[in-house]
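Here the structure is laid out as structure tokens; the discussion comes afterwards.
The chains carry the letters A, B, C and D, assigned in the order they are written, with residues numbered from 1 in each.
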Amino acid sequence: MDEAEVALIVGAGPGISASCARLFSQQGVKVAVAARDANKPALKALARDHGITLIACDASVPESVAAMFDEVSRTLGPPRLVVHNIDGRPRDVFRKSIIEVDPAAVLTTLTNSTFSAFLVGQQAAKAMLSLEGRDGHRGTIVFTNASAALKGYPRSGAFAAASHGKAGLAQSMARELMPQGIHVAHVPIDAAIGWEQPDGSRAHRLAGEAVDDNMAHPDRIAELYWHLHRQHRSTWAFEVVLRPWTENW
Amino acid sequence: MDEAEVALIVGAGPGISASCARLFSQQGVKVAVAARDANKPALKALARDHGITLIACDASVPESVAAMFDEVSRTLGPPRLVVHNIDGRPRDVFRKSIIEVDPAAVLTTLTNSTFSAFLVGQQAAKAMLSLEGRDGHRGTIVFTNASAALKGYPRSGAFAAASHGKAGLAQSMARELMPQGIHVAHVPIDAAIGWEQPDGSRAHRLAGEAVDDNMAHPDRIAELYWHLHRQHRSTWAFEVVLRPWTENW
Amino acid sequence: MDEAEVALIVGAGPGISASCARLFSQQGVKVAVAARDANKPALKALARDHGITLIACDASVPESVAAMFDEVSRTLGPPRLVVHNIDGRPRDVFRKSIIEVDPAAVLTTLTNSTFSAFLVGQQAAKAMLSLEGRDGHRGTIVFTNASAALKGYPRSGAFAAASHGKAGLAQSMARELMPQGIHVAHVPIDAAIGWEQPDGSRAHRLAGEAVDDNMAHPDRIAELYWHLHRQHRSTWAFEVVLRPWTENW
Amino acid sequence: MDEAEVALIVGAGPGISASCARLFSQQGVKVAVAARDANKPALKALARDHGITLIACDASVPESVAAMFDEVSRTLGPPRLVVHNIDGRPRDVFRKSIIEVDPAAVLTTLTNSTFSAFLVGQQAAKAMLSLEGRDGHRGTIVFTNASAALKGYPRSGAFAAASHGKAGLAQSMARELMPQGIHVAHVPIDAAIGWEQPDGSRAHRLAGEAVDDNMAHPDRIAELYWHLHRQHRSTWAFEVVLRPWTENW
């Protein structure tokens, strides 16, 4: 390819997003990472160490998402690879019964997860449709999702609704956009995410959950996303269900 | 049963809601119908002819939903049968491409459909848990849904997200509430709704769609809902996929 | 209706089949029950008490199935309601690991369950297509299925394959036959079947499983099947997922 | 890795199997390909050009499958990668209505596809459990499947049953074997397979179907399978749904 591709990763936790940023950057891609708070020290270190552009964005606000894509397109170029990696589940809906969960937190879950996936997907589609296809491939949109996209667990109604909603959106977008040269991939990860930190301790996504050897490693997930982006349009994967070997499903 | 049961139907179009109101009333149930605009002449006629209580409610607003359940419980008694029959899709997301659909309309779709299903489901669960079980059955919550709950069609991202979201919510609620004596049923209807009007002309739910002999008749759907409410808890149907004989799926 | 309908129930355990035979007979239907061994005392008693015709049939053998339909059509008339109620799982595949299960037993599971469903479905379709529609409805074919149709449990590969296979067959037949006036319904029952016997003791389908208050009662399942057969073609249920209130799914 | 891995590909058409054989061989793997007729000139050429071992096997016969695994283990070593790539659909079930399809051909479809998947999966599991894990990974079993695994099309009952059955088997095996270090992957390919031949003409899997630019290319599918085999057990993909960009689904 003549020119460096551009990737935009929306959602900026220390897990999948950071792993994607590092891997894509190593592959010669110009990478932007968007986060609500782009001033977190860990993000700044990631940006500095890997030449990554940080962008502040509230992905549940239409104007903020549009501004983020404008900025990326203007400074790096229109992205060919966009990852929506927002869980969006506020702590106060976690394992709450349907009776006791706060309606405001449920609405926040829907807007942070499903609605932001729509906003990011819409702008990504617009940006990619402005690009010429390379072997017919204009770009790739990856939606990270959770096991709640596949199964509605008890005491988890808000998250089940948001995750199923994101799955339905991804399927509709795939049917609409794949014939236009945009690869839409839906990746429900039926696992907690965990990894070792440089000091040998273990980090994980959800406080309060056990950390063990068998959590899904974000670097491996980034490798899958890169593989998806490199697939030929004759055999695009629409859905990949990821699980660690020990997952009870 | 000693005392008349109470049913609450949320959403008040001339199709499924009106058919349910008539049938449940004929079965001796005290029926309330909630609509955003409870002053519509057709609703007033329905109420007058069948002794139905009308309630004004914006089902996407937590306080409005809570007030509606308070009013029903106070005037008729806590409902044993609640039907969430809101499509919630604004006209301006209908068959719009992901590129051109207005974000505000997408958010409205999510709140009118998925979030209102949560609000109604939450209040229904609270009301039913206050009731004693009859043969272990405290009550029934039916979520009407669309084929978009089963498949994400192109140019239909907002509706796919909202309908999938409602499906995920229903499944989570079923897993949580069925062991507590509440029958949660999810009914995706893979059809347009249509019926003959008293003057012999045909009515249907969606303006702009062809009306023909083979649309799903709302009276038949009401019969199914009544059958679901009468099922024994040893064999509750969680999901019923309805289709007319000619549906192309 | 002018003339008594005919129903054929294939599979003749003491659970769902017997409940269907009794209920359909009470509804004025002429009922035939087919079993591998039509000489079982319990079957003979059922036949005597409810005026039911017994037919010997090995439903995994094409000629035997064809002969059974010939006999029913000749003696009672072509059936308008056919229930395939064969589990078909030999005891020796039950909870066996993939390593230790006997290949011959796996093949028997496939032929007893999936292949017999095809054979019965094919003959049922032929018989029904010879009938005139009543309000456009020629007949109903119900496939009883198990939770293994929805989920492949570990140590259950043969049964998962057979049950998924039956589900795929039912879906294909529904798409093909519903436009021709034949209602095809798939009913995965996510439960063990259990009921009280006249002497107050409890019976159940699978020896070795706990019997408790919460098993699916076959009389309730028969009621659902009758409801399905009475549905109008504008709103046929293709799939009904049944669960008892306490089922862990 | 110290020693060359062994791969066994069951089913030997000129499409996916040949592409897998070439790619795995290029990766340094010792490859065996099993076919009913191992004497086909195209297979012999493949074997000669890429150093591949050919084995004659009827994969629907238990003894034949056991003998094939014995031979591979004895001559090359126990396989760490097994691909079940048999479609198994005889020409005479293809697009036949449920009424007209020959029962014998339906049974052949079930045994060639679903039952052979079980036989190959069982022997693969046995062979892999004898191997030591590499980073906890003993081996990978890939089941190629068709869109009929996801949807039962009309006039396709036999193939829907067989493909759904294979999907159920794969899911059960994944749940059982992944905790034992065996990666089971299910790959429904919602596409016809097509590719250019060395002489510039186009080949494809199913005679009678249109060949165009947008069929799934078997070389790309082989790349996916290799990626799956190289995944870390913390993030195994259980299911990958493949589609070409133009597929109508």
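FYI, contacts are C-beta pairs under 8 Å (C-beta built on N, C-alpha and C of every residue); 3 or more make two chains touch, one makes a residue touch a chain.
Keep in mind that this is a model prediction, so the values were computed, not measured.
*Asks:* Quickly list, by label, the chains bordering both chain B and chain C.
*Replies:* The common neighbours do not exist; no chain touches both.
*Asks:* Taking shared residue numbers divided by all residue numbers at the interface, is the value for chain A and chain D over half (same) or under half (different)?
*Replies:* same
*Asks:* Provide the C-alpha centroid distance between chain C and chain D, rounded to the nearest whole angstrom.
*Replies:* 33
*Asks:* Could you work out how far the Cα centre of chain A sits from that of chain C, in whole Å?
*Replies:* 45
*Asks:* Hunt down the residues of chain D that sit against at least two other chains at once, touch-wise.
*Replies:* 175
*Asks:* Tell me the shape of the graph of touching chains, choosing from line, ring, star, complete and other.
*Replies:* ring
*Asks:* So, with touch as defined above, which chain pairs make the list?
*Replies:* A-B, A-D, B-C, C-D
*Asks:* Can you name the residues of chain B that touch chain A in the complex?
*Replies:* Residues 62, 97-99, 101, 103-104, 106-107, 110-111, 114-115, 117-119, 121-122, 125-126, 129, 148-149, 151-158, 160-177 of chain B touch chain A in their complex.
*Asks:* In the complex of these two chains, what residues of chain D are touching chain A?
*Replies:* 136, 175, 178-179, 181, 183, 189, 191, 214-217, 220-221, 223-224, 227, 231-247, 249
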